[in-house]
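Input: structures, listed below.
Here come two complexes built around chain A, the first alongside chain B, the second alongside chain C.
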Partner chain A sequence: MAIVEVKGVSYTYPGSNEPTLNDITVSFPTKEWTTIIGHNGSGKSTLARLIDELIPTSAGEIIVDGVPVDAEHVGDVHQKIGFVFQNPENQFVGTTVEDDVAFGLENHQVPRDKMQFRIKQALNDVNMLEFAKKEPAQLSGGQKQRVAIAGILSLRPKILIFDEATSMLDPQARLNIIQLLKKLKVEKGFTIIAISHDPAEAVAGDNVVILDHGKIMASGKTTDILTNHDLMNRYNLGLPFTEQLKAKLKAKGIPSPEVYLDEEQMIQWLSQQ
Partner chain B sequence: MGNKVIFGIYVPTNSIIHRLDPRLKFMVCFWYVILVFFANSVLTNIWLGLVLLIFMRLSKVSTKMYWSGIKTLMWVIIVTALVQLFFSAGGHTYWQWHFLSITSAGIVQSIYLILRFAYIITISTVLTVTTTTLQLADAIEHLMKPLKYIKVPVNQIAMMLSIALRFIPTIMSEVQTIMNAQRARGMDFSQGNLFQRAKKLVPVMIPLFVSSFKRAEELAIAMEARGYDPNRERTKYRVLTWQSRDTYALLLVVLISIILFALKIVF
Partner chain C sequence: MVEPAIKIEDLSYIYSPETAFAYQALSNINLTIQGETITAVIGHTGSGKSTLMQLVDGLLIPTNGSITVGKVKVTPNSSKEDFAQLRNHVGFVFQFPESQLFADSVIQDVMFGPLNLGMSENAARRNAKEALERLSFPTNLYERSPFELSGGQMRRVAIAGVLAMDPKILILDEPTAGLDPNGRKELMQLVQQLHEEGKTIILITHQMEQVAEYADQVVALSHGQVAFNGSPHELFDDQSRLQKIGLVAPQTVRFAQKLQEQGVHITKLPMNVDELAEEIIKVKKGMTGYGK
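== the complex of A and B ==
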């Protein structure tokens, strides 16, 4: 079952001659993590924004959890989708951490007595409860991104969209956020759509969609796409670490398994040789 | 940059004044300023000064903090007082030269003027050292509420105010980054006269404006994604609760005002 259906969507930015998205049809399976990878300007952010009705769809149709994405249902769509943006600083609205989490709840007119519980719960889910009274200037980029995630978790969405949400973080903070998302996906059953230009980030997900020049070039299971070296090289996407290792082993005439292995599985396989 | 503080910054001593409702503190501060203009005799001025001293004591903030508030505006006070001293007429004339004169009335008036300045600055400092900017913004929002009936967009103004407060540190650190980037390219901000220095700030202001507009756009989209609609009612997480101590404090202020007017009428 697909929770997000995109059918024949095209989009051209006002004042631009070239369409940013050209007749896109793709679906995102329920409770799975799909990563959209592609270069800058491939249209991946535009696609994410269209799904959340942050820019109006001009051609084609998008359905989110049974609701058509249009001006009339914009409130419903925002309720169902939690969106985390790239820059941690520019999505922090509140003057303190708890105020920021409260911002979305205030918008959705949640009564105050329920707010306190939901803020606490959301901050607890992202391990930021002890920072509730802190101001944004006192937080690191990774912590701000956690607060942004708490802010959308408190609204209890079904779908989480991450638009290069880890690209401005240091490697450790990035890893922590990816671990957190994995945990949330399993524990709370979220559907995750992550946007990245780094295939290494796609490793954490179930499916991969490759976008190039506003067109879908490939989509399928992560293990199938990332092991397809021809495909990855054709779009200059670079291979995840374990696949690079396999390619080098192959060049030296050492056979390795065809299936995708993450780093842990790779270590296990290597130590068994 | 921005290190000069005129009316003092928040000092967390958690005194009784700190714990009062910010709306009350804001209104009392405003009311005190009005009272200052009613005080035109020795007794009324002494009374207001006494009240202010009690406020300062209760706030548990060092006198130095209050003094620094007056110090920054010292020149304004001195110049205004001198103008008052030399240009006032009435009473006994001690000294005269063309249109300048020192009269007994002028001396009294300029002393009152100095006191007024000192009182107003100090009461504002009492407010700002005992109340965080966030509380002040909340108080202003609440006090503006009646303006809704004359179609003033109070909610939007309050949102703008709170976002402005939130982004002050962000913009300040951005200014530092841009200035450092310019310094790394050989710019020296400390050289030259006032005009030359002001000119050197142009290459700081332009990138700052560009990035601020970009920031504003991203923030607007992020707010929209989280369901913000400026025209819809929102619930509030941060609430101000009026406590019994606020009522007592209000009664005290009423008493202070009655005594002031009594002093004014009787003597």
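== the complex of A and C ==
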């Protein structure tokens, strides 16, 4: 079952001659993590914004959890989707970290006694609880992004869209967030749509969609797409770490298994040789 | 012998001092950065990296201590002119610099900095064009509004705006964040090229892969203090220190260390995937101890 269906969607920015998205049809399976990859200008952020009705669709149709994405249903769609943007600087509204998370909850009229619990839980999930009383000026970009994610988690949407949202986090924090998202997906049944140009991030998901020049070039299971070096290189996407290593080894006459191996599996395979 | 480009002595910084929000971001930093090198400044989020760099660029007034850049020295009591001098020597490319574009056209945006430094219209235009060419920015887009460009193009316009002022020292705060793999490679090649042309580069980064591949010197900050100052090899070789600072070694180093734990005998810490593949091949072919 797909929770998000995109059917024949095209989009051209006002004043532009070329469409940014050209007749896109794709679906996002319920409770799965799908990563849309493509380089800058491929149209991936535009697609994410159309799904959340942040910009209006000009041609085609998008259905989110049974609701058509249009001007009439924009409120419903926003209830279902939590959108985390790339730049944390533009997402901070509160005077302290906990106020910032409270802002969204107040907007959704969550009662005060429940609010405190949800704020704590969300900040704890993103490892920012000890910063609850800090001002935004005292936070780094990565910390602000974690607060933005906490704000979204506290609203408990069904679908989470991350638009390059971990690109500013340090490696450990990034890994923590990715682990957290995996956990949230399994335990709370979130559907995750992640926009990324980084194949390393796609590794964490179930499915991958490749977008190039506003068209869908491939979509399928993560392990099938990421092991297809020709495909990944054709669209200049780079390869995840273990696939890079496999390619280098192969070039020097050491063939390795065709199937996708994560780091642990690759180490196991190498040490058993 | 190249002179030190930056000398930092007993430097401390407190945000919102004497208020309930007072927060000591840096305490007692002593640091020398040599000219014409690439220095990586790393550390966990909130370690004080950005604060330190803003001090070096004269954007913040130190609470204690001093910063010397070339012949300019600033202390808590320095005049506004001294801080302005500091900014003339140092070009700062902020995180997501494209968010600071504002002019009607690309060329005007890039000319803004040089004009602000008092250059003539002609000189500013020449500098702007040079900077844009250096970044291989397409000439047919010079008159375009910067807001019609893609994210990667906007990033390059913003960097050109800093380069056009021809600073001796260039600070880049996470310059590749948000760029695709191609854009990242191009940008790091540019950094390398500027370094070869004699600029002193300070790279604030979370990407240990970049540190391993490009940095001559690496300064790690932790809780507002210098936790490490040395070469990338030295830093990544000491796992317990890395852990204490809260850093993760580059993927290639971690992978090599795990292989070692499994009994695969790796002789040299690989700083990139090529070196890692070479190490593995040496082991496979039973040629350990064989040089590069």
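The definition used in the following text is that the second predicted complex is superposed on the first by the 268 of 273 C-alpha atoms of A that agree within 3 Å, B and C clash if a C-alpha of one lies under 4 Å from a C-alpha of the other, contacts with A are read in each partner's own complex, and residues count from 1 in each chain.
Methods note: a contact is a pair of C-beta atoms (placed from the backbone, for glycine too) under 8 Å apart; a residue touches a chain by one contact, two chains touch by 3 or more.
Predicted, not measured: the structure shown is a model, and the values here were computed from it.
Considered on the superposed chain A, chain B and chain C are sterically incompatible, since they clash.
Of the two partner chains placed by the overlay, neither chain B nor chain C lies in contact with A:Val186. In the superposed pair of complexes, A:Asn87 makes contact with chain B and with chain C alike. In the superposition on chain A, A:Asp99 makes contact with chain B only, not with chain C.
Within the superposed three-chain model, A:Ile267 lies in touch with chain C and out of touch with chain B [touch as defined at top].
Contact with chain B, but none with chain C, is seen for A:His108 once the two complexes are overlaid on the shared chain. Applying the stated contact rule after C-alpha superposition, one finds that A:Asp52 touches chain B and leaves chain C untouched.
Of the two partner chains, chain B is the only one touched by A:Pro136; chain C is not. Shared interface residues of chain A (contacting chain B in one complex, chain C in the other): 87, 89-90, 135, 137. Against chain A, in their complex, chain C makes its touches with residues 15-16, 21, 23, 25, 44-46, 49-50, 95-96, 99, 148, 150-152, 174, 177-183, 206-208, 246-248, 251, 255, 258-259, 262-264, 273-274, 276-277, 280-281, 284. By the touch criterion given at the top, residues 15-16, 38-41, 86-87, 89-90, 134-135, 137-143, 164, 167-173, 175, 197-198, 236-238, 241, 244-245, 248-249, 252, 254, 263, 266-268, 270-271, 273 of chain A touch chain C in their complex.
Interface of chain B with chain A (complex): residues 134, 162-163, 165-166, 169-170, 173, 215, 218-219, 221-229, 232-239. Those residues of chain A that touch chain B in the complex are listed here as 49, 52, 54, 75, 78-79, 81, 83, 85, 87, 89-96, 98-99, 102-112, 115, 119, 135-137, 151-152, 155.
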